[in-house]
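Next up: some structures, all given as structure tokens.
Each of the next two complexes has chain A plus one other chain: chain B in the first, chain C in the second.
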Partner chain A sequence: MAHQAHAYHMVDPSPWPLTGAVAALLMTSGLAIWFHYNSIVLMTLGTVLLLLTMYQWWRDIVREGTFQGHHTPPVQKGLRYGMILFITSEVFFFLGFFWAFYHSSLAPTPELGGCWPPTGITTLDPFEVPLLNTAVLLASGVTVTWAHHSIMEGERKQAIQSLTLTILLGFYFTFLQGMEYYEAPFTIADGVYGSTFFVATGFHGLHVIIGSTFLAVCLLRQIQYHFTSEHHFGFEAAAWYWHFVDVVWLFLYISIYWWGS
Partner chain B sequence: MAALGRLTQALLRSSLTQNRRQLSAAAAGHGEQAAKTWKILSFVVALPGVAVCMLNMYLKEQSHTHEQPEFVPYSHLRIRSKRFPWGDGSKSLFHNPHVNALPDGYEGHDE
Partner chain C sequence: MNRQIIVARRTIFSSVRRQVDNKVPQKQKVFQEDNGIPVHLKGGTVDALLYRTTMMLTVLGTGYVVYELVTAAFPQKKD
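Here is the complex of A and B:
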């Protein structure tokens, strides 16, 4: 039987990086085809391929870590660095949209009426649904911390309860935000106000959906006994991502909903 | 009122953290109490905070008029340089005919 004389993980050859890259190509070119030639075939194909790639790649990682023991402490440290770097890149992604918002709102052009909010824009009351959304996400940050401590203390039932509660709060946020989008008296096509509002909050909402999905996968894994009290990095990564989503919302709330109203 | 609820939520959280730190100085096994602490925070602070905001919403909703905002054909709003890639290309993704006017005005009205 072959042994490795080191603690690192030499990953077996895998097709998923290639299928992921192909999916990205199909989705982006598909988007252009949809916009200009009214066909969604390429984009749909790309999306399906992306979903299949994500499912199989992450399934393989779970197999390698949880069942085959490849995630030794040095390997886990590498995964931690990876998640931190990824979240950092996402911070920069959102920074761009905040830059666009502040560029547009700190010196509003004459076309907008020289004021912010622009003439003719009825903003949303920051103390109605947006405030509720803030409470919902802050509460979910508390419940996900409850979940983490439950896992560390081996409290299986509490971990499942708190994780479920966190996910439900995430769904509630998405539902409320969807309703807000429908009820808003302005659209994405309403000048730079509409663009900055919907692109920034829209990408945030997408990240809430991604984060909720990540947490839901952790819930399934917790139910299936994947996590131990000492080793549950998948959950930690999901919790970090969730806190990041919460912090982005706080910045959105203060900047766009409150200051920008 | 709702803002007060949130402020209280934040303050309570930080003061409870203080208590936990003091407890840990005295007792050795503070780590075992953490799940219980966060469970209490969840049900006594976090979820009631959400409930307060929900109540605030309900009360504010009652005093709303649901009137249609006035339509003024500003050229810097309702931009249609390129059609949307769905439907007839004139309606946004979350189009609400009651509050979202098209470039010529609200639908179904003779302007």
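Here is the complex of A and C:
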């Protein structure tokens, strides 16, 4: 094998960018076909292709890092920059929905009754399930930090326990939020209140599910001895993402649930 | 005083029932083998099967979406 005279990672040719792009094409076109021609075949095919791409692409990254040793310090630095930039883009994504919420709620139109919450909307009590959800996510932030310290200190069993607890708290949040959605006295169709509420909290909930999945993959990798006390960037990336999800919830809780009630 | 320490073998119920072995060194050997196989196929037969399935869905999917979009763009008028 020709040995590289540098510390960077020249990746093997990979089919996953192509399959991922085609998946995106199929999902978006499939969405349009579903709306107009009542067929979900294309969209489903796109989703399956997306899942296959994600699984194989990330599997390959684990192979390159953990089994082939390509994630040298400069490469890891690049991965850190990448994750930070990605999370920053997600911050801007949520910023848009907060902008929409404040646009409508700071100057409520006459159609809403000139008030916020709008006339006829029964808001959720911020001191019931939403407060519990806040406690759940804050606790999960603590447990994920505990998991990090356990990994750094080589405490295998504690790392597994605290990571498992973090994931369970994530599931508990999703379950509670699901119940709230089911029981809510208003729907997404209830004017701008319903729209801003369900789109903002809905995308947040999706990110909780994504974050929980990322952490679950980390749990499997921790069990399989992939992480060392010095090198566990996959876990760190998952923890950063999880903290981001937690912070978004805090802003949602303060703005929409509390101030907006 | 010499004491013989007897290690008692008894079943301990712990949260991790099955002992998961560290297979990372074996994996490292497989994936560092100098055989020119790209990383997405280097794991063996399952890799190839999964790749072929994915690529088949990609090609078929591309064909299908082109068909659907052309059909949607040029609707057949009924007389």
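Rule of thumb we're sticking to: the second predicted complex is superposed on the first by the 261 of 261 C-alpha atoms of A that agree within 3 Å, B and C clash if a C-alpha of one lies under 4 Å from a C-alpha of the other, contacts with A are read in each partner's own complex, and residues count from 1 in each chain.
Everything that follows uses one rule, which is that a residue touches a chain if its C-beta (ideal position, glycine included) is under 8 Å from a C-beta of that chain, and two chains touch if they have at least 3 such contacts.
Note that the structure is predicted; figures quoted are calculated from it, not measured.
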item	value
Three-chain arrangement built on chain A, chain B and chain C clash or fit	fit
First, second, both or neither for A:T88, with chain B first and chain C second	neither
C-alpha centroid angle, chain C to chain B via chain A, nearest 10°	130
Touched partner set for A:T53, first chain B, second chain C, both or neither	second
Which of chain B and chain C A:V142 touches, first, second, both or neither	first
First (chain B), second (chain C), both or neither touched by A:D12	second
Chain B versus chain C as contact partner of A:A184, first or second or both or neither	first
Per-pair minimum CA distance [chain C against chain B, superposed on A] in Å	17
Intersection of the chain A residues that touch chain B with those that touch chain C	none
Partner chain C, residues of chain A touching it in the complex	1, 11-16, 18-19, 22-23, 25-26, 29-30, 32-33, 36-37, 41-42, 45-46, 48-49, 52-53, 56, 60, 63-64, 66-69, 157, 160-161, 223-226
Chain C - residues contacting chain A, complex	15-16, 20, 22-24, 27-28, 30-32, 34, 38-40, 42-43, 50-51, 53-55, 57-58, 61-62, 64-65, 68-69, 72
In the complex with chain A, residue positions of chain B that touch it	2-3, 5-6, 9, 13, 31-32, 34-35, 37-39, 41-42, 45-47, 49-50, 52-54, 56-57, 60-61, 69, 72, 74-80, 85, 92-96, 99-100
In the complex with chain B, residue positions of chain A that touch it	34-35, 38, 111-113, 118-122, 125, 127-129, 131-132, 134-136, 138-139, 142-143, 145-146, 149-150, 152-153, 155, 158, 162, 165, 169, 178, 181-191, 194
